[in-house]
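You will see two complexes here that share subunit A, one where it goes with subunit B and one where it goes with subunit C.
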Partner chain A sequence: MRAGPRSKPARTSPSRGRQTKESMKHATQTPAAPTADDGREPAPAGAAGGALRRIVRRPGQRAPGKSAPGKSAAGQWTAWAFLAPVVIYLLAFYAYPLYRNVDLSLRNYTVRSFVQGDAPFTGLANYAKAVGDATFGPALWHTVVFTLVSLAFQFTIGLALAVFFTRHFRLSATLRALFLVPWLLPLIVSSSTWSWMLNSDSGVVNAVLHAFGIGPVNWLTSPDWSLWSVTIANIWIGIPFNLVVLYSGLQAIPSHIHEAAALDGASGWQRFWRVTFPLLRPVSAITLLLGLVYTLKVFDIIWIMTKGGPSDASTTLATWSYRLGFGNLLPSFGPGAAVGNLLIVIALVSGLVYIRVQRRQALA
Partner chain B sequence: MTANRRTWWHTGLGVVFTALMLFPVYWMINVSFTRDQDMRKSPPDWFPVNGTLEGYRAVLEQQGPYLATSLVVGLGTVALTLVISAPAAFSLARLRPRGGGVLSFLLLVAQMIPGVIMAMGFYAIYLSTGVLNTVPGLILADSTLAVPFAVLIFTTFMSGIPEELLQAARVDGAGALRTFWSIVLPVSRNAVITVSLFAFLWAWSDFVFASTLDQGGDHQPITLGIYHYIGNNNQQWNAIMATAVIASIPATVLLVLAQRYVAAGVTAGAVKD
Partner chain C sequence: MESLDRGRRATGLGLAALALAGGLTACSGSSGGGDGDTASAGASQAAAGGGTYTIWDPYPQFDDSSDWVKLLTQCGTQAGVTVKRTGYDTTDLTNKALLAAQQGNSPDVLIVDNPVVSTLAEAGVLTSTDETKIDTSAVSPNLLAAGQIGGKTYGIPIGANTLALYYNKEVLKKAGVEADGIKDWASLTAALEKVKAAGKKGITFSAIGTEEGSFQFLPWFWGSGANLTKLDSPQGVAALSLWADWVKKGYAPNSVINNTQTTSWQEFATGDFAFGENGTWQLANAKKAGFDYGIIPIPAKDGGTAPAPTGGEFVTIPAQKDAARYATTQKLVTCLASTDNSLNTTTTLSYIAPTEAVQAKQVEQNPELKVWVEAVKAAKGRTSDNLGTKYPKISEPMWKAMQAALSGSQPPQEALTAAQGTAASATQ
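Presenting the complex of A and B:
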């Protein structure tokens, strides 16, 4: 995973060296005096961009002109003293809960033994139980459909809007900022709003469909529709992230390349497919990778809108894991933790596969 | 003239797109003002013509404690996040710790662990330590949403501080701690504000940790307040949506402030630089 996203842009982007130099120049100016165009860049653009930069940056690559107090042994002590809180924090609040989760999945917990902590070790029995469960197949399939459909629409709509917003028109910065609202709202707010909009009898969506003569759709209560309903809501929530990251990616493409292509007589459509899209590849790849990892773990939206129902029609691995652990009166933490860990493995594997495919395509 | 007209055409299209995108938000506000008897009207009222404040009255009467808890949890998360991430970022950006790259990478991976899984691990730990259903427990769990991001933002920002500034401090005999406290932190004000805003927003919006680690708590956050509302049998949708509107206030504040602080704070990390 590590080598993938970091080394990839080096191969795909011919102008990498230049970009890096520019980024450093920019970086040194920023804190002292925010430059004029800072106002144009809405927050999460930078936030997401920061993540991108971080991935793209190779280990050991640093801004120039840094002093090197870290070279001496004393310097190393100081450096790690500053890092100590975060290291302890990572161990206590990431590593330890994860360890406990793995431990949960390997033992046969009951409510009693959960409190007393003397549950017998049962190896992979919980995993076998989870995979053999009748819910496993559908939950896995729903996870795949939910993730792929969400990604496809979020990315396409986000990219189209990003291209649209690169033409600077009146109000464009304000409108772009407004587009962030769905991303910033608490998930429970957006999910419950969508629940009410998609209500079979009194929802506004069915009211609009009725005006076009389409009969009421039981968005949330029919097994045929519930998965699509939660997917639609998730796409809505994910568009801003894609828009913002792809927009900053588009901004990074120098305008003279477009001008040159236009001089050569390329039409707008050709310019997009032959020039913009290939140059945007590194950013697209990272947007999709982050989207993949984030969509696989979506839980709130589905749980609040349908609880995974009706009859498991919108259950994904994340909601199933939650239901096993917390959704019933009698919690089954073991299988719940097992499903959760399977989800992590799936996220890792699909992330790696994706990076692999991307790299092969980039080399070809 | 033609150029001008083209611009206006784009603006018009942009407004239409934005309106479509924000329709659910408008609908939330509209429903929050709708009277109970109009709630199931077909077709629905497109504007709150017979608006009522019933929903908001219900929120003020019932949701006060939830809002207060969310405020405390949010502020606690901000404090904890800042204390842990700022020194770490200073070290990563300026002190060249050996193995710093690995640590940054771990922070990146940490962000990708599904919340449900973290919640289960936390639940097991909290149950045996007695932190379950307490506000500090929730603050600790919520901070895991913000710390990796915060280290990232601070590191990017602090890497950009001009070297001359730090050199001057060194010449004056300031040690690393002094440099951090009296120079780097004050200069990083924008990053501090950015991190605080996002940490607050995420803690305020959290549902997974709240619903697992604070299910039976005396002090529950607003996300659970809304969730209990939805679970009720006689669903008062104007009250639910009114609560949702109020729960959206921090996001709105963030967006308004974003123009001033957040933008300046994070451009250092934007792809376009």
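Presenting the complex of A and C:
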């Protein structure tokens, strides 16, 4: 990227000189033609060099003489002043906690060394301990299942509803607003409601199943069902987000394309798969990517509904990390931080892989 | 359009800057709080003299108008200082206390849940009662044991609570069961069978996968004669089998696996259940339940009262840089633990007093507490037997085994053998 800023001033300053000469003729033609420029590119020092130095110069250094550099230095200061809050913010609230978390995961913390601050550096021992733990395999698997199943259903149902709402009918706006309710509810409320509904003995879900002659399902208390129960709750909570983003994506597709496809004799199904779906791809990509990152770290729903139980049947990496750090009378901060960091790495890697796949598809 | 956007962005940055500046001032305000507040409060309280002493407790339900906070203020006045009290959520308090100790701004008095005392003591956060000259001689030894490790005592209990069985008189009557006849596990299981045959529900408890689940399981575990150092002993397996069989036969609902003690109480309060395992703190709610209830101690396997784990907090004195503060702190703690105040405090908190003298007064005032006083006398601290910080490492595998057995994914023997393996390697 170095070439960019260097060639630009070299190009503009000679053009400025020429502009004064030829201003009468080419009043509107500000940038010089590339052919004229190429010859002057290696032009020595002089105006070009000065311009180059002026632009590359750091704000602290003062340019000799001219008034223009002084002005631009002040501009730079202003720019830095505007940039400073966000830089400080990022350092204080992202970089430092992340650094602390990495540091925490690389030391052998006991409660004593946490207070005294003299925990010995143990390298990757906490990571080895976490990966070697009997909980790791199941927790990773549950995280994968929970995330993929949630994403698949949230996206499909969200898209179906978004397409449904593109037809305008009476009260469609009201109905659409109602669909946002799960998103607006605090997670503690929706998760508690789900755990009441799924209660084995007195829950409404089992009451309905009973009416159809299906025996009681121990949604939250059976190791076979608890992961599905929290996944179902998470799907329900995630639909509005998908609906909103995909709906606005659909609005951006010009209606005349649909009309053209319809005139060409495409059926409704064909119009969806051949027109809507491909045109929606960029929006779908970002929806799924955001959904992936959100779902990987879901903690509250699982913790409120099952606490990761029974006997770890619904434990994901997020709930496990919390339990290691805070869910016990004796906190083990090191392994807890290690699991948390593994989760960050997984989110980062799957995000990157996803973006790469998307880009390749877009190019193809 | 672009300039508008830029303007917006600049506003955003400005807001972020403001928020940051606000945050920083807030931080510096609170971190400097120790000294600054002492100085200013000291100035305004010149008449009282001694400055400000901070107290942290896990009773956020009490505000400044409550008897509890009034008592704290009064003890402060007697000691010639101003008391600054903060109530935290109990699960939050351990981490808050550890962080405060790390930053060197621990409160002068810290009131914490009894199994946490040994953790904080091991972290070097607390002073022992020898150092601060707190007199613990009147306290029942079984209650004090939860705060003792390595021959030293790290606090004084403010009150105790424990578990017993609440029963619904009407349900038992319909099923033809006499509550007095329940003396051991066999008679209890027989009673549950009769209740189920009469079309009612047997018993509810909390077997959730947290410390709460272990707390509720311990009376049965200890009542069988098992010891926490060997989870998979035949006695331990017998205790877990008892619970697993109740769930399997439908004497206890499947929901116990996810029940907290509160949800378990709500089940009992529906009036459908014959028994509910719960604590002293539900007495006030029991009166509101709208049916006749009674309380019996949890029976041991072969008769007698099972040792239930002690609940309730310890008053502790965190280590301070300025050792001169301990003299005043000692006055505060002694005031809180004094006989007269103890009676008030335990009544306010719905606890049983830690000393025999006050226990006798409590029963005198309210004969209903007799069964609880007896249960507390038989009770045992979770961190007792010098387990200290080993207890949490045993408790977690134990609740996991409990969940595995109750949900049917592993038989009790297998579940406890696995748990013992985990606990043994964690406590080595």
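One rule holds in what follows: the second predicted complex is superposed on the first by the 293 of 364 C-alpha atoms of A that agree within 3 Å, B and C clash if a C-alpha of one lies under 4 Å from a C-alpha of the other, contacts with A are read in each partner's own complex, and residues count from 1 in each chain.
Please note the rule applied: contacts are C-beta pairs under 8 Å (C-beta built on N, C-alpha and C of every residue); 3 or more make two chains touch, one makes a residue touch a chain.
Owing to the predicted nature of the structure, the values given are computational and were not obtained by experimental measurement.
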Partner chain in contact with A:308 - subunit B first, subunit C second, else both or neither = second
Between subunit B (first) and subunit C (second), which does A:326 come into contact with in this model arrangement: first, second, both, or neither?
-> both
Once the structures are superposed on A, label A:195 by its partner contacts, choosing first (subunit B), second (subunit C), both or neither.
-> both
Touch check for A:139: first (subunit B), second (subunit C), both, or neither?
-> neither
Where does A:207 make contact in the superposed view: on subunit B (first), on subunit C (second), on both, or on neither?
-> first
According to the contact criterion defined above, which of subunit B and subunit C contacts more residues of subunit A?
-> B
After lining up the shared chain so the two structures overlap, which partner does A:85 touch, if you call subunit B first and subunit C second: first, second, both or neither?
-> both
Touching partner for A:221 - first (subunit B), second (subunit C), both, neither = second
Kindly classify A:76 by the partners it touches after superposition: subunit B alone (first), subunit C alone (second), both, or neither?
-> first
Both subunit B and subunit C contact which residues of subunit A?
-> 82-83, 85-86, 89, 114-115, 117, 195, 201-202, 326
Give every residue of subunit A touching subunit B within the complex, in rising order.
-> 1-2, 22-23, 26-32, 34-35, 37-43, 45-47, 49-55, 59-60, 62-63, 65-71, 75-76, 78-80, 82-83, 85-87, 89-90, 93-94, 96-101, 103-104, 114-115, 117, 161, 164-165, 167, 169-172, 175, 177-182, 184-190, 192-197, 201-202, 204, 207, 210-211, 236, 239, 245, 248-249, 251-252, 283, 293-294, 296-297, 299-300, 304, 318, 321-322, 325-326, 333, 336-337, 340-341, 343-344, 347
Would you tell me which residues of subunit C are touching subunit A in their complex?
-> 10, 13-14, 16-17, 20, 91, 94-95, 98, 101-102, 115-116, 119-120, 122-125, 208-211, 253-255, 257-258, 389, 391-393, 395-396, 400-401, 403-404, 406-410, 415, 422
Can you list the residues on subunit A that touch subunit C in the complex?
-> 82-86, 88-89, 92, 110-112, 114-117, 134, 195, 199-202, 216, 218, 220-223, 306-313, 326-331
Would you mind writing out the residues of subunit B in touch with subunit A in their complex?
-> 7-8, 10-11, 13-15, 17-18, 21-22, 24-25, 27-28, 31, 39-44, 83-85, 87-88, 90-92, 94-98, 100-110, 112-125, 127-128, 140-141, 143-144, 147, 149, 151-153, 155-157, 159-163, 166-167, 170, 176, 180, 187-188, 190-191, 194, 197-198, 201, 204-205, 207-208, 211-212, 215, 223, 226-227, 230, 237, 240-241, 244, 247-248, 251-252, 254-255, 258-259, 262-273
